[in-house]
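These are the structures in question, set out in turn.
In what follows, subunit A forms one complex with subunit B and a second complex with subunit C.
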Partner chain A sequence: MQSYQGVQPVFQKNYNKMLYPAVFAVGVFAIVPLLGMFALSLTDFHLIKSWDREFGLANFIRLTQDRRFISSISVMLMLSVFGVIFQVVLGTLIAVGLEKIVPRWRFLRGIFVVPFVVPAVAVALIWLSLFTPTLSPINAFFDIFGITVPAFLTTEYGAIGAIVIADTWASYPFVMLLILAALQGISSDLDEAASIDGATKMQIFWRITLPLLKPALLMVALFRFIETLKHFPLIFVMTNGGPGRSTQATNYYAYIQTFQSSNVSYGAAIAVFLFVFAAVISFYVAKANARLTDA
Partner chain B sequence: MKLNNTHHAAIGALLACTTAVPSAALADDLNVILFSMPYTQGLDQLEADFEEKTGHTVNIDVVGQDVFESRITLSFTGQTGDLDVVHTPVIQVQRWIEAGWLQPITAAVDAMDTKDDILSGPLDAYLVNGERWALPFFAETGMMAYRTDLLADAGYDQAPENWAEMLEASAALKANDQAALAMRVAPGQGFNMFVYPMIMRAYGGTFFADYPTDLTPNMNTAEGLEALDVYASLMNDFGPEGIGNFNFGEVAAAMQSGQVAMIVDGTSIVAQALDPDASQFADQISIAAVPTGPNGRSPAIAVHGLGVPADAPNAEASFAFIEWATSEDVLTKIALMEAYPDFTRASVAQNAEVIAKYESIHPEFLNLKVQMLGDAIGHYRPLLPQWPQMGATIGENINAAVNGIMTYEEALETSDQDIADIMAE
Partner chain C sequence: MRRHDMSVKQIAGVIMMLVFLAFTFLPIIWAIILSFRPKTHLFEPIWQSPAQLTWDNFDTLARSDFPFALFNSLVTAGTSTILAMIIGVPAGFALAKGRSHRKFIASWALLLLRMAPPVGFVIPLFLIYLNVGLLDTWAGLIAAYMVLTLPMVVWSSWTSLSQIPDELIEASLLDGATLFQTLYKVVLPAARPGIVATAVLAFLIAWNDFFFALIITRGDTVTAPVAIMNFVSYATVDWGSIALASIVLTLPTVPVIIFANRYIVQSMGGAVKG
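Presenting the complex of A and B:
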């Protein structure tokens, strides 16, 4: 066995065992519930009705025929794709601005991070009031000039847009912090060399900084994409899934099936779909990231 | 130091003690879970009173409604026995009984000396299959609040008596550049489906052909269509901007800030509009009965109570808490402590301090509330185990119709189909 200088003998002998608590924790808190969810999705467990304990794929077959489920996927994709785009663009712009363009304003990083620490329900309540015309200071301001701001939360795409805006506000700091860390890992020698060769700041950004940020951007986009698949508090508080069912994303639909309709197994099948969907996306993003890193 | 077997044994024993001692100390504790509303917030502050009176210790956990739903579902399905008393909305009680999540408390209720003091409507709302399943602490009904000055400007010296007059008055108010009426439109069985049936039933619309004997879906009728047309017109043509996503909070705020001339909502929301501490125009707001329609008046009703979970380990102690929490003494204290809770005992309504408090917002508030409770029908929202799911689905369709995502016919037809699907499951 390899010997470690300066480490207590008791740990030298049993260092493999130090992993046991972590393995145990992952097993108990991640693997077992996940396996439970998979098993549940194959049953017909309903909170109210009896359970015949037969296993099968009926829930997954039902998913393919459930128009509400299929429509929830398109809502989820709209929320995720637009949310990730706005968060990554805004977070990156602020990070680059603070690190490269006006570094003397770095002290503002703390202020930009504030939305990230606001609880999701509070974020939802803040934006609900901003998007409710009778409560919103924005509407009150424009009313002075006789301009009527439309009620976003009462139209299909307006409500989706409102949730994307609220999520962007709450989550861009996460992107900003990761991109700031990535920027600090890029040697300033490259910028200086390009500058000596006559490159402008924009050229340095597009030709040097951005290509070097690609792996970080890809990973942060993946993190955010997976997070946006789990949208719940914003929808629950801001729209209740409305108008009609316009903002019922897949995760929210799983909640409706599980807790409103008591179809626990069907809710689990929807959760399995989300898990597989996120895993597939992660796999391809990780592959793309590996290619970028190797290049 | 190297640890030997003796050390391990000692550490194990110490850990066992540190975990076992609190468990033993908490063995007789009562765990009560409630969701947030004025009564439950008030009850939370009276924990010490119960402990002093009964010797039992109690942990009252007041949480948001979403957290409540998840927590009790996990507790009930897991049969963990960790809850001794549970907040029991009447709208859920049939579902919970069918699932076997509650235990009856009939004998204990019948043995109560003060049972006759509890308002019979709310009390009997928990009488299912000949058994009592909870004691009520809250009974809210529908009511209208209106701005006397704005209606006078529009040519009305009193509130509209029926929904047709409501449309006329709303048009007159709009002509004065005033948003007329706010009601809940946000989708949900406790949101738009708390208020919409007031119009639907007034026009003769029903959820079923002949509840409870014939449960054939019956929303897509001429009466149902007319009711939905009235509701959508009132909201879209005469309501404030953004009404399509209004819930009770926005409705209350719109009236308190003077942005609408009338609201029709629950008594707790109307009380907030009348409360001079919360409402900018309280002195110009009066109250009226819920408007009638061709089929009469149908005020909303919502009842909340306290029940004992089926797996509660000490049913006797659980009921002791429920009896205390719904007693005249506690309900009176909460009626005086909190804003304007909807209590369920006649004696509380006769308490001089309570009367003075409610008369301070409006001399007729308590009388009108009693009148509306008398007019309300118990099955205003059908008392079926499937209702929570059904109400949520219908609420989505009605909300879609008001917001122009579905036509009125489509919304009612889809609702009938959804009801049929849910009943067939």
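Presenting the complex of A and C:
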């Protein structure tokens, strides 16, 4: 941002005026609920029982002793870490493939985007049908060869795997689009220079393309990581947190505490935890983004 | 490109692409098949009775609450998109071109609002709505969707408007136009693809929402993503209608594939040069 010197300072005020409606709207629609969340987390508000306004940090102390909360964090991290790894690897492979290996197929980019625009509920329902053994064509196909495909959704890790697969399907196109954009920003001169010097395509990929992609990869991974922390429709539709509590991620646990067990304040405390977590990560995303745009 | 590259590596690349294509498309093809399968043949392998097709699911869908829910979705997603654009685009313009030392804070705040857990917004909103009678109203849902769309609109118009050359704005200002006139008559037409893509994405975010609608709507303003769940009950799951409803729900998102996928990157992911 260097060439605003040409604009006379008198216009500066107008620019600020343009910000006011948005600042006001964000204040009303977003900051007020967030303050409400913080305030609620310090009370013991309960939808049914009477409540005590002077509660302090008791909800947060309870959090540290709540086994279900602690296991929900590990579920959340499993869903996020595996999901992000698969999405980033698959999205990057397809982007690099389309751009470098079979550039004649570049038109497929518009086709690979399709799952990204399928609404989350539809994603969850379609994959639920594919993971329902009596219905699924996958099970029927393997039955021909006498192979019984296990019912993923009835086992602890199978259910987590099923959600990761559905999420990967829906989200790798986002990674692909971002990496494609980043690849197009990388000059092909470097590739050519390296290949004249006798580098193989593999060497070019590992030594030149990948290091140059690193900021974009970091950015997209962080971005997807935060999105996966918010998993809701996939869990709600595909597993409902089960079997047992094995897919009850933290966000989902907050929902259950608030809207099924009516422990509104405790749910708010869990949301505060998630909020702080997101604040830390989004700080790094903003930093990575600033570095990427200034570069 | 060297000729003899059309070799093992490229064949491997082609096979890899075919595998990914299968992974991408089999679920979609499956949903289409499912929406035409009669209930009586639902649990047979498809190749045993491939000719058994039916329009029954279309009837079921038409007679259910689903068309009504689609209308609710259209109204709430459409209105919140228009509002978010009117409020958000000028802010994005100010951040892109105005002088400010707080741009990093602004970008962090916008990201944080988009990344904050929805459950954190929804708990207080639910209690407020319960007390002021906004539960299960269009206005309540539209206000909730502003939380989702506004930060995205500001962020995305910020990135696409910062690519407009400063000279264009200066020339217009020197000609005596106000800043608002400059924005609407000069800057927006020049940035049309990015701005249209922003609006499309804002619409999609609201259209796809499940969580907010689940909590703050009931019968009257239930949106399509929540209404689909009516086909799931403990006793039976109406797979055909579910599949068809999923396809119908996805159709409005098709424009994104056709013309906006280039801009999704800027809008969703941040400003990657490209």
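Side notes on the structure shown:
To be clear about the criterion, the second predicted complex is superposed on the first by the 266 of 295 C-alpha atoms of A that agree within 3 Å, B and C clash if a C-alpha of one lies under 4 Å from a C-alpha of the other, contacts with A are read in each partner's own complex, and residues count from 1 in each chain.
The rule we apply is simple: a contact is a pair of C-beta atoms (placed from the backbone, for glycine too) under 8 Å apart; a residue touches a chain by one contact, two chains touch by 3 or more.
What you see is a predicted model; the values in this text were computed from it and never measured.
After superposition onto subunit A, the modelled positions of subunit B and subunit C overlap sterically. When both complexes are overlaid on chain A, the residue A:F236 reaches subunit B and subunit C alike.
After overlaying the two complexes on the shared chain, residue contacts for A:A120 are found with subunit C alone; subunit B is out of touch.
By the touch criterion defined above, A:T134 lies against subunit B and subunit C together after alignment on the C-alpha atoms of chain A. Of the two partner chains, neither subunit B nor subunit C is touched by A:W206. If you count the residues of subunit A touched by subunit B and by subunit C, you find the higher number for C. Within the superposed three-chain model, A:E156 lies in touch with subunit B and out of touch with subunit C [touch as defined at top]. In the overlay built on the shared chain, the residue A:S262 is in contact with subunit B alone; subunit C does not reach it.
Stretch 78-86 is the one of subunit B that runs into subunit C, the other listed stretches 6-14, 42-50, 78-86 or 294-302 having no clashing C-alpha atoms. Shared contact residues on subunit A (touching subunit B in one structure, subunit C in the other): 121, 134-135, 236, 259, 264. On the side of subunit A, the complex with subunit C involves touching residues 1, 3-4, 6-8, 11-12, 14-16, 18-19, 21-23, 25-26, 29-30, 32-37, 40, 90, 93-94, 97-98, 101-102, 105, 108-122, 125-127, 129-130, 134-135, 137, 140-141, 143, 169, 174, 177-178, 180-182, 184-185, 201, 216, 219-220, 223, 226-227, 229-230, 232-233, 236-237, 251, 254-255, 258-259, 264, 267-268, 270-272, 274-275, 278-279, 281-283, 285-286, 289-290, 292-293, 295. Touching subunit A in their complex are the following residues of subunit C: 5, 9-10, 13-14, 16-17, 20-21, 23-25, 27-28, 30-31, 34, 42-43, 45-46, 86-88, 90-91, 93-95, 97-99, 103-104, 107-109, 111-113, 115-128, 143-144, 146-147, 150-151, 154, 162, 166-167, 169-170, 173, 178-180, 183, 204, 207-208, 210-211, 214-215, 225-226, 228-229, 232, 239, 242-243, 245-247, 249-250, 253-254, 256-258, 261, 264-265, 268-274. The touching residues of subunit B, when paired with subunit A in their complex, are 2, 64, 66, 69-70, 73, 77, 95, 98-99, 186-188, 191, 240-247, 250, 253-254, 257, 259, 385, 388-389, 392, 396-397, 399-400, 402-403, 405-406, 422. Remark: subunit A residues 10, 47-48, 121, 131-135, 139, 148, 151, 153-156, 159, 236, 239-246, 256, 259-262, 264 touch subunit B in the complex.
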